[in-house]
Amino acid sequence: MGSIHALGYVVLRGLRGMGQAPLVQMLAIATMAVCMLLLGLVVLVWTNAQGVVQAWGIDVPVTVYLADGADDEAVDRLAERIVALPEVETVEGISPKMAMARLADGLGGDQGLLEGIDASVLPASLELQLALGTPADFAAALADRLEESEVVDEVAVAGDWVGKVSTMLDTLQLLAVGAGILVSLACMAIVWSTIRLGVYARRAEIQILRLVGGTSSFVSGPFVVEGMIQGASGAAVALGLLYLGFDALRPFLESGLSLVFAAGSLEFFSPLGVGVGIAFGAAIGIAGSRAAVARYVEA
Amino acid sequence: MATLEFADVTMTYGSGSTRRRALLDVSFVLDRGAFAVLSGPSGAGKSTLLKLILAMERPESGSIRVAGRDIQRLRKASIPYLRRNVGSIFQDFKLLLEATPLENVALSLQILGMRHREAQARARRALERVEISPDTRRATRCLSGGEQQRVAIARALAGEPAVLLADEPTGNLDPRLTKEILELLAEVRLRGTTVLLATHDPQVMSWADCTDFLRLQGGKLMEHRKTLDGVAAPRASDEQAGPVLMGAVA
Amino acid sequence: MATLEFADVTMTYGSGSTRRRALLDVSFVLDRGAFAVLSGPSGAGKSTLLKLILAMERPESGSIRVAGRDIQRLRKASIPYLRRNVGSIFQDFKLLLEATPLENVALSLQILGMRHREAQARARRALERVEISPDTRRATRCLSGGEQQRVAIARALAGEPAVLLADEPTGNLDPRLTKEILELLAEVRLRGTTVLLATHDPQVMSWADCTDFLRLQGGKLMEHRKTLDGVAAPRASDEQAGPVLMGAVA
Amino acid sequence: MGSIHALGYVVLRGLRGMGQAPLVQMLAIATMAVCMLLLGLVVLVWTNAQGVVQAWGIDVPVTVYLADGADDEAVDRLAERIVALPEVETVEGISPKMAMARLADGLGGDQGLLEGIDASVLPASLELQLALGTPADFAAALADRLEESEVVDEVAVAGDWVGKVSTMLDTLQLLAVGAGILVSLACMAIVWSTIRLGVYARRAEIQILRLVGGTSSFVSGPFVVEGMIQGASGAAVALGLLYLGFDALRPFLESGLSLVFAAGSLEFFSPLGVGVGIAFGAAIGIAGSRAAVARYVEA
């Protein structure tokens, strides 16, 4: 058989095989879609969490409270020395007024609490932003050195809860990666078992085609095509559902997140990411069907 | 010229408690265009012998040559090409039950490399020769036992193979059809195909216009008689005499 | 006493373009203990007639009575109880291929309500009668064609049914075994079972010690001959003469 | 067949059927487990979210800031009048010191901000807790009435963001219920398709048992047993995994949540809930297998 001829036949037969049992196909695709949805959700949450953590992790990590009545020139010199450090990205001076505004902002609408408080009771400060990837202990060491300066009253290293949340998010990231790997494996197992049951149900057909001289690729071809289509469709359906869900939830999630974090913009996968996802589904389908069919094609 | 050659072939199924010897030191040679009848009681090893030729099972020892090639030496990937030269009518038909008769036959021709249109035309002719209407849109599952058997025969004949294996090809057919099928096999043989027909039906043996008569019993080849283009009628007593120990499953 | 009664039974398969009439106005009565041979060419409707008795298919018109009961009137839930009184040897065996022969037979006895131990013992005896070792631990899939057929026979006989349907029960058996099976059927008949044996093998017809000879052709019952406990050998010409139009699938 | 006898046989055969293809069984159970895990996760998040919202929704919804130098007696009378309202559950007086401590607490370790601020700059207040189920507009109406009083400076009704978060959580709850229903349906479909493929692969066996006189319950029994075991095992595995995951994540989640909400204790399902979950799995398995087998048993 001419190989183009054969390929056409294999694809056609795969499609026809699917058409013969549309319900089973739909169920297989739905199974895939559920798994892929799970997987997609994990990946989406993880990428967004990473974004949030990055946007937020470098936000005000070190605040240098200046002593009352500190010399402006001395403060400027200190700021210059600090900004010269390679680990420090920016230094910003915060006046008591700005601090007050920020505090009011942090308390949301509950402004009654601050009524009657004069901004001057709040100290002036310098806010340092450290470069991404600066080790956590650098900030502590820097704080110790800065506190020796006369113009510095106290150095706050991103507070206690910031550190806690940061570790928590790191751990969550790790757990998400672990869960992602487990879910991928589970997905592949499910896809494989779905296809395998389908192949098992048609093992007689496979044996017959082998006995009349079909090569193993000819015989397994239609199943591989079927698996590929199932995988790609499952992934597409999953991504579609995920997008719909994401779109519906985004406003709520963003406003919810903005309460906790400075960064608040959530992103769906890029078109490239969507393409990769569908290709991944197709690849799982191909791998699953090849593995499933191998056993019966051998016999 | 030898098309089919068995040399000291021994074959054992399974292992341990289900181990079962099916053939023991079987040797014979069939020439191109031979029409051999392989007889023997139930469980004698007839189907096993045919399965070995198709490389569906591997012998324990000995060698099997089909059209000059040692099939044990064949790489796995070459087995399909062997099978394309060997048409087979299986005892249990092995048809695609959900496909129509025409699809069954045409698909096997397409596997041989034929284009769709040619395969269809040839498949139609083959089905008509066995009195099955090629136009039926029924699934093969919906045919009677004898009709299914005829579809299997049509499939095996349509490819004009070098070797044709027929395992009890008329067990579900009435005498008139049986005779016609045997005539078809004789015709095929005259075109150079080597035919190997396994049966325990004395009627078939007497009607078959065979060149070789082989008799298996308990896995051993008891007899290989050349009959110069004559009829190799079995002596009825061959089949019925004596305790046939291997008939019982151990 | 009538055990089996067909009155003007017509049966059509499928609908639309795959519509096919398989039986037309078939009427006959078989007494208790009858041994009937149902002959006819391939596609004549023999298997269809047997399937109707098992309620595997429904007739288009007419009535069928088994042991006095009209089976069309049976509720769905009662069909299993009908089948427990009807042993059947199917043309394609219908065995559990992954189970052992003993399991196949014993399970069907357990379905009849027998306890495990008794079912095992009876199944063993039934298998031994058809020369299959009950001790084999091989799956039925691993038996030869004739061996599988014998397991199917053992299963049908073991339950000592009121009616025994045998569809080409010796198509895969050699003459010696064929004779033995026919003797078994004759024995069963003497215990009051009504036996209906479908075959197109003239040898079987001549060997079967039948009381009734039925001949189907193209779905019509052409002949119902009572033979007073004698042998109802067909005239060979019956089977082979004339164009058998229904032999081809439309 | 005696019916006890038959039941025993049916169960035994179901178990044996499973034993014959352990890999397929394991895959079916894994499929179930993944689905159930998804479902369990949704239910768990939902129940906990509900708990959090309840614990937090009634926390400080109305703060009555008292006028500077308000008469203690007048304040007491006001408090008594308020607590007499059926919608109000408790009234608590908050002194400026307590308010300061709470503010400091709210800012976590970042105490530098408040250094040098005298507690007396913060006003005294009354905190009202409304009864569960009080309509949102009651608080606003109450605030209007209270502001007329002379001893009251200002009434803060649970702030702006609190309302936003509350609606968001309500919407999330709705979405979670919707997702839960969808996921349950998807689970059932998957379970059904898994069992159905298994049944399809053994349709010949079913037909044979019917032909030798097996009743439909006898023939479908083993499949139903199989489905039940698969469903129950799947649910058990899912609950086990869910518990492990929950246990590992709880500390992080609780500390994370405590940043946003006052309530911080998360609960796993009760033993009864676990039992219901496993029974639910078994029920899905039974329903799925019955539906799957019905078609072939009829023939």
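Should a chain be cited, it is by its letter among A, B, C and D, assigned in written order, with residues numbered from 1 in that chain.
Keep in mind that, in the parts below, a contact is a pair of C-beta atoms (placed from the backbone, for glycine too) under 8 Å apart; a residue touches a chain by one contact, two chains touch by 3 or more.
Computed from a prediction, not measured in an experiment: that's the story for all the values here.
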Name, by label, each chain that touches both members of the pair chain C and chain D.
none
Among the chains, which one keeps its Cα centre farthest from the Cα centre of chain A?
C
How far is the middle of chain A from the middle of chain D, if each middle is the mean of its Cα atoms, in Å?
24
So, what's the distance in Å between the C-alpha centres of chain D and chain B?
67
Mean-CA-position distance for chain B and chain A (Å):
62
Identify all positions of chain A at which a residue touches two or more other chains, and write them in rising order.
none
Please list all residues of chain C that touch 2 or more other chains.
none
Chain-level touch network, classified as line, ring, star, complete or other
ring
State which pairs of chains touch, listing all of them.
A-B, A-D, B-C, C-D
Counting only contacts in the complex, chain D reaches chain A at residues 24, 27-28, 30-31, 34-35, 38, 63, 65, 99, 103, 106, 108-110, 112-113, 115-118, 121-123, 154, 156, 159-162, 164-165, 168, 171-172, 175, 179, 183, 186-187, 189-190, 192-194, 196-198, 200-201, 245, 248-249, 252, 255-256, 259-260
Partner chain C, residues of chain D touching it in the complex:
1-2, 5, 9, 20, 204-205, 207-216, 218
Across the complex, what residues on chain B touch chain A?
54, 56, 77, 80-81, 83-84, 88, 90, 94-98, 107-108, 110-115, 155
Quick check: in the complex, which residue numbers of chain B touch chain C?
13-14, 17-18, 20, 40-43, 46-48, 91-92, 101, 131-133, 136-138, 142-147, 149-150, 167-168, 171-177, 179, 200-203, 236, 239-240, 244, 247-250
